[in-house]
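Listed below are the structures to be examined.
After this come two complexes, each holding subunit A, first together with subunit B and then together with subunit C.
Moving on, here comes the complex of A and B:
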């Protein structure tokens, strides 16, 4: 007992510089992620100003009712997960591909230029992207329909046809985050020991063999970590995107509703804090369970690659 | 080697920013309300000054929250206002503005976060009932009002206070304006009407003929421009369904009663033959291009489009349309903008006093002084002119005692926010407000209909789950149907009705009816 305490203090003294360096990050997480967790109680309360967060009366699971009573809970939860899986898989595959391509093509200037060009969409807000999309897809004045009619073809009614929208959303999301992910993977590729490439070359590997046998396996840890992080948020829809692309267009809800937009719409007028917190808790619990499960699976497969 | 280290560092930084970003999202919901618990005992009404003389020796700074964007000339005008207020009641006002785009979300947060402010704009459309019921506003007792707002107390008719009562208590100082109509009408282009030799518009049929003629012949002009694309009913429902049939719809659910029904029998609008006929009307209009097929995703600004000649007609209330008409008369008199009431013989509704008002925050530390300031802003001629119109000679030109002319390019630098809270008999009339609009107001004045349920307020706390879901059904199944986007109208209506049932419309119906019955019984007892 005394022995262990002894080493604990000794460790603290020994690593004081490192511990000091990590303290701002720990503080930040504590302050912004752990302290607010107490607010979860709002989800189980009839919130009023007099009582505040802790003094308001308890009402159990009543705040959750509106969500499940709608009959749409399953549909929007499924939509959210499917969209996020789509974004994750397509996004990461394309990001890795473009990172490898950029790495393989020579020319420092060309690489930098491409990198910046790919990164640019990341900085365009969804509000603007929504307007750009409107100018493409609008029935009367949209670019696509103008081109179609000039070739003597029929106009297509994109804003009233739900079946186009999964592809449209997938496209815009991938387009927006391609540059961001590419830079991340490019950094990971540059971190691969160049000796491996030299060895591969001496052994007579061609470009494809080099990519498949050296680059891709070395990217796997980065890929798995990013996936695990993304999985934790799989039940959180990107509200900015869905809301700005679709808005309150009821025609498209069947294909485009995610938990976030659905809950926003339901509570837009009632402004009930308890109910919105309930929706947040629902998402968090689902995300928590998913990440535990996936992490467990990864650990089974390869202990070193799990998050925790 | 060096290269490798940097790569690793960059990867970890980017990954870390992802994690932090995610955490930020989690926190957002909960942290807003975290420091409310502390200061709830600042109810100032409990300590009135001992003698009758009000002690204003201590200078106070009041914080006031208004809706709308911050005026460009805020410093100039509020500097002048504060100079006067300082002199008269030893107080200054510091205003904060919640922009139109997101006030709905920010407004309740101001209360929930326990922010320190004294005055806030409120209205029956700006969460007056909700926040009052949640305890956000200070109750204004007769004693408080009489003591700290003597001028308002004298000037305001008693009925206006009564209309602002929630469960018998007053929580706002309502605007004191004699008439303001809630009815809507349409604005259209007279030149196009003449061009196609159409009948003057005074009914749904003549309006339809106009829209269809424009759709057919005027390429590049949208016949009808939407007021708002996120409303839960068709923008024209107010005129073609409610005003035409003399119905009043309650809140955001499709339940209505006939205004002249003494029993206040509630019915579902979507189940009526009137609605069915209207759907056929809408469907035909939609198929003939009466409005854009993108109506539901409309990203345009209809007022701007009308002024630019890209939209041939729009709907709104009379003061808004009157303003647009004045603008167009100035810029493009050849368009001959004309107002039309689509149901000229129907009963007209006057706004009740809660249409505009100002409330004191429940935790305000300077409630007395806040009331004194409101008293002056509403009833002191100089201060009223300042808060309503800006600085004479800069933002407006006074014409006599009760009229004014806007200084065209300056008026907008001040008049951007909800200063309607101080509407009063001291209001000046805009000399450029079109005569046609004034005539309509005069005519409507003779058609105003008062009914017992006018001031009824639905307390929806017992059926909140159902209300949220019904709203969603209206948006998802009702609005597309009304805009004629569902090919089979009959089937669409059937789906809508079924979904409404599933969402619990019957429960809301029963609750609403019982509250109305109780309200009417209570009134009968009083009378």
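Moving on, here comes the complex of A and C:
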């Protein structure tokens, strides 16, 4: 024991510079990621400002009970998961398709031009996207309603009609990340050994067969990794998107409320720290279990593909 | 190969070309047109917008919205200053810490490197949630309405540490080892050998960090209520939600705002002003982002 402790201190001295170099990041992560984990206790308390995190009285699982009994838990969990599944499926299909077409079609400048156009939406904030959405959908001045009225048709009240919103959100999410994914898949396509194409050509494959039999299967590793990450994050809503597109428009919450917006509203609008924290803990635990499960399953199937 | 097969092949190629050009140009237009509409709306006459709504081409051309912005620039310049400060400090310090941390995690002779890597990685799997994080920053660190709240909590991002580590793993270990034998300290090796060798990686990760800070409005939503500390994106957010209030603040009047003063077009002009610098820089910075993603895709 003393021997081991001795080695430990000797190592500290030996690695003192490296430890010193890594310490700012270690301390920042400690403060802003690990310390808040202790604050999970708020979920089990009746939080009041006077008592603070540790002085407030315990109330056991009451916050969770309210969260689940109100039906909110099911609604926001379902919305979060369904939106993420939609984003994942539509996003990847379009990204793969546009990457393959970019690779197959046109000269260098055409490829560059298209890639620049597709990648552009990635660079703006969700606030700007919110402004674009307002420009399109506003009841009084929106572009869509300008077009409709110019054809003598009735205006549509998009901001008060929940049923449009799943499609709108699906559109804008796909729109914003199309270029990002295309660039990633294009890199994977470029890395494919050209000999495989030549072999397919000699075997008499036409371009479509070559794409389906050579390109697509070779994208599988990239696709699987992106899927794993997406499935692991299936209970994390994209707060920036939902908040800037929908805001505090209660008319739309049935179709658009996700766990993250729900947690935020409880915290900032109603100041219900206990229940907000309970919903947050529920999300964290759910996400953690999901990631571990997915990773465990992948490990069993193919060790190299696992995340950790 | 027979002539028939040749012909069939050329036909397939032609079909693919047609599909490709049509689909790609359509997708590219869908990506670009919203920006054109925003731009043209910002150059439209306010009354014309109120009559006809936003249109792809301005029905009456007007620069009123921009003139108002340039006439009363104080608030906007203030928010530009906040955003530039946050972006500059956050990117410079963040990039330095990210690279230094990544380098230590790359050093194969560092006994605890896997322990530390797990220490960082675990935070991407599990977190305490929004509430404790918010209370820590507001109640315990007392950072509400400070520039620090916009910079410090997001200074290091574990995801970028991992990306940087993938980059640095490409630098041969022999460089650090031989410098060590020559008697150089770890910090000096990092500063004078590793940093110059990783300029492309620094440019890529630095631009990702800078873009994140430039587009950040979330920290301000949580921590800033003081008008003097509003970053650009949050200022735009406020204007979209509370046009009258922002116009009054801009004009410096507490009273009623004239109906003909820019409003709907002002929102769009403000949107252009908020993302303008990014769009100007876009042609020059795009390749670094592509480079970053490419490394990510190949390395997995």
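A few notes on this one:
In the analysis below, the second predicted complex is superposed on the first by the 212 of 308 C-alpha atoms of A that agree within 3 Å, B and C clash if a C-alpha of one lies under 4 Å from a C-alpha of the other, contacts with A are read in each partner's own complex, and residues count from 1 in each chain.
Criterion: a contact is a pair of C-beta atoms (placed from the backbone, for glycine too) under 8 Å apart; a residue touches a chain by one contact, two chains touch by 3 or more.
These numbers were taken from a predicted model, which means no experiment stands behind them.
Legend: residue contacts after superposition of the two complexes on their common chain; A:131 is shown touching both subunit B and subunit C. In the superposed model, A:69 makes contact with subunit B only, not with subunit C. Of the two partner chains, subunit C is the only one that A:145 touches; subunit B does not reach it. Of the two partner chains placed by the overlay, only subunit C lies in contact with A:291; subunit B stays clear of it. Touching more residues of subunit A than its counterpart among subunit B and subunit C is C.
Of the two partner chains placed around the shared chain by superposition, subunit C is the only one that A:179 touches, whereas subunit B remains out of contact. Touch criterion not met for A:86: it reaches neither subunit B nor subunit C. Once the two complexes are overlaid on the shared chain, A:33 sits against subunit B and subunit C alike. Touch criterion not met for A:162: it reaches neither subunit B nor subunit C. When the two complexes are superposed on chain A, the residues of subunit A that touch both subunit B and subunit C are 28-29, 32-33, 36-40, 42, 52-53, 130-131, 134, 138, 140, 180, 183-184, 187-188, 191, 222, 225, 247, 267-268, 273, 276-277, 280, 284. Contact residues of subunit B toward subunit A in the complex are 3-8, 10-11, 14-15, 18-20, 22-27, 29-31, 33-34, 36-37, 40, 104-105, 108, 111-112, 114, 127, 130, 134-136, 222, 229-230, 252, 292-294, 296-297, 299, 362, 460, 464-469, 471-472, 475-480, 485, 502-504. Within the complex formed with subunit C, the subunit A residues making contact are 11, 15, 17-18, 20-22, 24-26, 28-29, 31-40, 42, 52-53, 94, 97-98, 101-102, 104-106, 113-128, 130-132, 134-136, 138, 140-143, 145-146, 149-150, 175, 178-180, 183-185, 187-188, 191, 204, 206-208, 221-222, 225, 239-240, 243-244, 247, 260, 263-264, 267-268, 273, 276-277, 280-281, 283-284, 287-288, 291-292, 308. On the subunit A side of its complex with subunit B, the touching residues are 28-29, 32-33, 36-40, 42, 47-50, 52-55, 65-66, 69-72, 130-131, 134, 138-140, 157, 159-160, 180, 183-184, 187-193, 222, 225-226, 229, 232-233, 236, 246-251, 253, 262, 265-273, 275-277, 280, 284. Of all residues in subunit C, only 1, 5, 8-9, 12-13, 16-17, 19-21, 23-25, 27-32, 34-35, 37-38, 41, 49-50, 52-56, 97-98, 100-101, 103-105, 107, 110-112, 116, 119-121, 123, 125-136, 139, 152-153, 155-156, 158, 161, 185-187, 190, 211, 214-218, 221-222, 233-234, 236-237, 240-241, 264, 267-268, 271, 274-275, 278-279, 282-283, 286, 289-290, 293-294, 296-298, 300 touch subunit A in the complex they form.
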